[in-house]
């Protein structure tokens, strides 16, 4: 969603020409770099969908007031297509050409690692709120103050992974867990992060990696079945999960699943064949829509804005630098009393707790902490949603 | 050679344009042009369709960086090591392919297979390449300039000039190569390999030479690209990278000197000039490719020089 | 041991899917002189169409597959008349046009269906058990259907007049023309038929795996590998090539890291091309 440069200039000229408005008007520019299209679009899709809805809502409501000035938001959402080279150019555009101070994204780790050296040069001049797994390695360190990670981290004292594993141990007491991840950045990190978590609880593990794009998991599932795991812990993208879960059940390999990424979709699709399916979802939107008015509002706003159905299974991905974060940023600006002082807004933001669709706060590592749901599906589709506060 | 004069505006550009974005797009253009020129040497020159240049691109990046890391040498020496690796690899693969008389399509497939194997090695050899996590390149190339001594290339403008100078060098090299007797032997092979053989040209040796030179040039592009973006990962060696280079050469004009540069310029800047919903952009890219093949088989440069020649003749 | 047998069976079934694409590749190459890399996209059309008609429009599975095949064939006809007609026997151009076509078709699918994976409900549910080996019933059904279609194609090419005309053209274009074979029609026909085959493969694929716009890419690569392995131009060989590839991958993945799955096929392919450049079953031309 980009308001053209020409339009912006014309608008500014007009605004300057109209004499003495009762209140001063201002614009706050927001940038976004996500993969809206391309093979990894699944990770940029929802965030890039959610932010415009929030921006539109705020602007139609007359903007927001900081001090005496009313501000409107202008969003420049650039599509990186998941290509690090594109992302570098996009970020340059945002920071140098459009002088944006607040950038949402990226969710893709490989994109982030490439733009990091460049982004670092602007430390102190802007804020980057992204959800990428690898941001974890850099966030919170001196010199990286611009970086804020907008997704729970698996490990650590507030790590949702630890809670997930606790829940698994409590309900199922598994002795062996087999992990099956995609052979890429994020997959490797998941493997490295979770192995110690299981080991420290006395659970035996084995880890296998599959080539991205694999559709037939039969050989690797057969290999894993020789290990006779109690639970299968498969990778992070729905694209692979649908096939893994189905083939694992059909081939009589493993019928109990534990997931920390991905959706309830694969479980629901195979509900009659599976025995157990425990998955971390930032929020179960179908459930939440019935009980939470804010969620209901978001879903309706989405449908009205895009004139299409709400993607319930993709929506949880909106937990990273999406709808809530726009509102939270605005709230931070209002509390700090400025839209320009990046450092002040940053400290205010990091110290806040915001209740939107999620309850968001930040740990001392500048990583987001938010409440989440554990969805526990049993054979036949009986669903239990356990809400975990942080 | 006169066409090289067309590069002069690029030397002057930074004085006129303040925008860092434009310079960045051009830096990428220059580096990818080098890759495209590399491909053009073996394809537009000797007529062999190869899919290995992306692997050479990646090897250039990885080996240069790893050499700098392990041996503590400069960028250029590190690249020298990469040249050795690429030359040996090219000779081995080229020898295998050409000795067994692989034609056209099969040659393309086998080079594709080898390129994929290289990519899988880069992807899984974690102890050396860090696998899928890729490597952050924090080192920078250094250049000796008269007056200032040794300078590290870090900011946009120095990178711009470095890549532009490298591109000019490669262009001069490729022009000289194609005009020399070596280049003419390449053309003979491209036009009719069997005839060239009967004329006494050792096609095996020349094809091998073209393949090797092409990969070395591609490796150079890879080293520059890796150090500029600051990040190297196995995606450098992907099929898509090879195809992108091929598209650039075709669009610009096969067998021409400036063709690859024109093609690289158009395809690199296109996404930033056209404001389209992202899905459509890919469709536009594909459509352009199709239209070029069907309507402009000699590419942009071919079309333009045809028009110019027509004008002069008419006069 | 049981595990290995299980994987051999799995590889055979997967291989038949590679085989039908390989058949399309080999037929197109033999008659029109190009490799239609976009066959993977026609497979995608068949797959998405089948999913749509079966899952969304609630039509019976066989009807959905037929519709998928028809759509793929029509798309193939359009592609042929607009594009491939101009690249006959020009391998490089044909290759590049196919690549352009892939971009266009993939973005079309992206616009229509987004990257969210689509998954069909099981058509024939349940699994067969042979000892410790479990085979999903649908996989067996798919295998039988693919073999049937490939077999019928082969039969048609060796018995029916049109089939014999096609083979005659493949062997000697000029002579065939002199004998009154309608070459232009033949070429278009082959392109359309191979796209229909790919669409059929796609429809069956949809019953087994989840769908994304990029599904074509993997299969065309395997299809080309299988076709070359068997010897381009050899029709039944295409099925055999696919099966060999499928089995190599499945069994190989048991013992070596599955991250290298794609490598086995490649290594095998290179070896074959070097020592038997005409392919395993091909004859020197």
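Annotations for the structure displayed:
Note that the chains are named A, B and C in the order they appear, and that numbering of residues resets to 1 at the start of each chain.
By definition in this document, a contact is a pair of C-beta atoms (placed from the backbone, for glycine too) under 8 Å apart; a residue touches a chain by one contact, two chains touch by 3 or more.
Computed from a predicted model, the values in this text were never measured in an experiment.
Chains making contact with subunit B as well as with subunit C: A. More C-beta pairs in contact connect the chains of A-C than those of the other pair, out of A-C and A-B. If you average the CA atoms of subunit B and of subunit C, the two centres end up 33 Å from each other. Centre-to-centre spacing of subunit A and subunit B amounts to 37 Å, using the average Cα coordinate of each chain. Among all residues of subunit A, those that touch two or more other chains are 37, 183. Residues of subunit B in contact with at least two other chains: 123-124, 279, 281-282. Touching of two or more other chains is recorded for residues 107, 110, 257, 259-260, 262 of subunit C.
Taken in their complex, subunit A has these residues touching subunit C: 37, 39, 41-42, 45, 183, 208-211, 213-216, 218-220, 222-223, 225-226, 238-239, 242-243, 246-247, 250-252, 265-266, 269, 311, 313-314.
The residues of subunit C lying in touch with subunit B in their complex are 35, 83, 86-87, 91-93, 95-97, 99-104, 106-108, 110-111, 224-225, 228, 257, 259-260, 262-263, 266-267, 269-270, 273-274, 277.
Residue ranges of subunit B in contact with subunit C, taken from their complex: 49, 96, 100-102, 104-106, 108-110, 113-114, 116-117, 120, 123-124, 243, 246-247, 250, 279-283, 285-290, 293-294, 297. The touching residues of subunit C, when paired with subunit A in their complex, are 3, 6-7, 10, 14, 107, 110, 114-117, 119, 121, 127, 129, 134-136, 209-210, 212, 214-215, 217-218, 249-254, 257-262.
Contact residues on subunit A toward subunit B in their complex (touch as defined above): 2, 4, 36-38, 79, 81, 84-86, 88-89, 92-93, 96-97, 110, 113-114, 116-118, 134, 183-185, 187-188.
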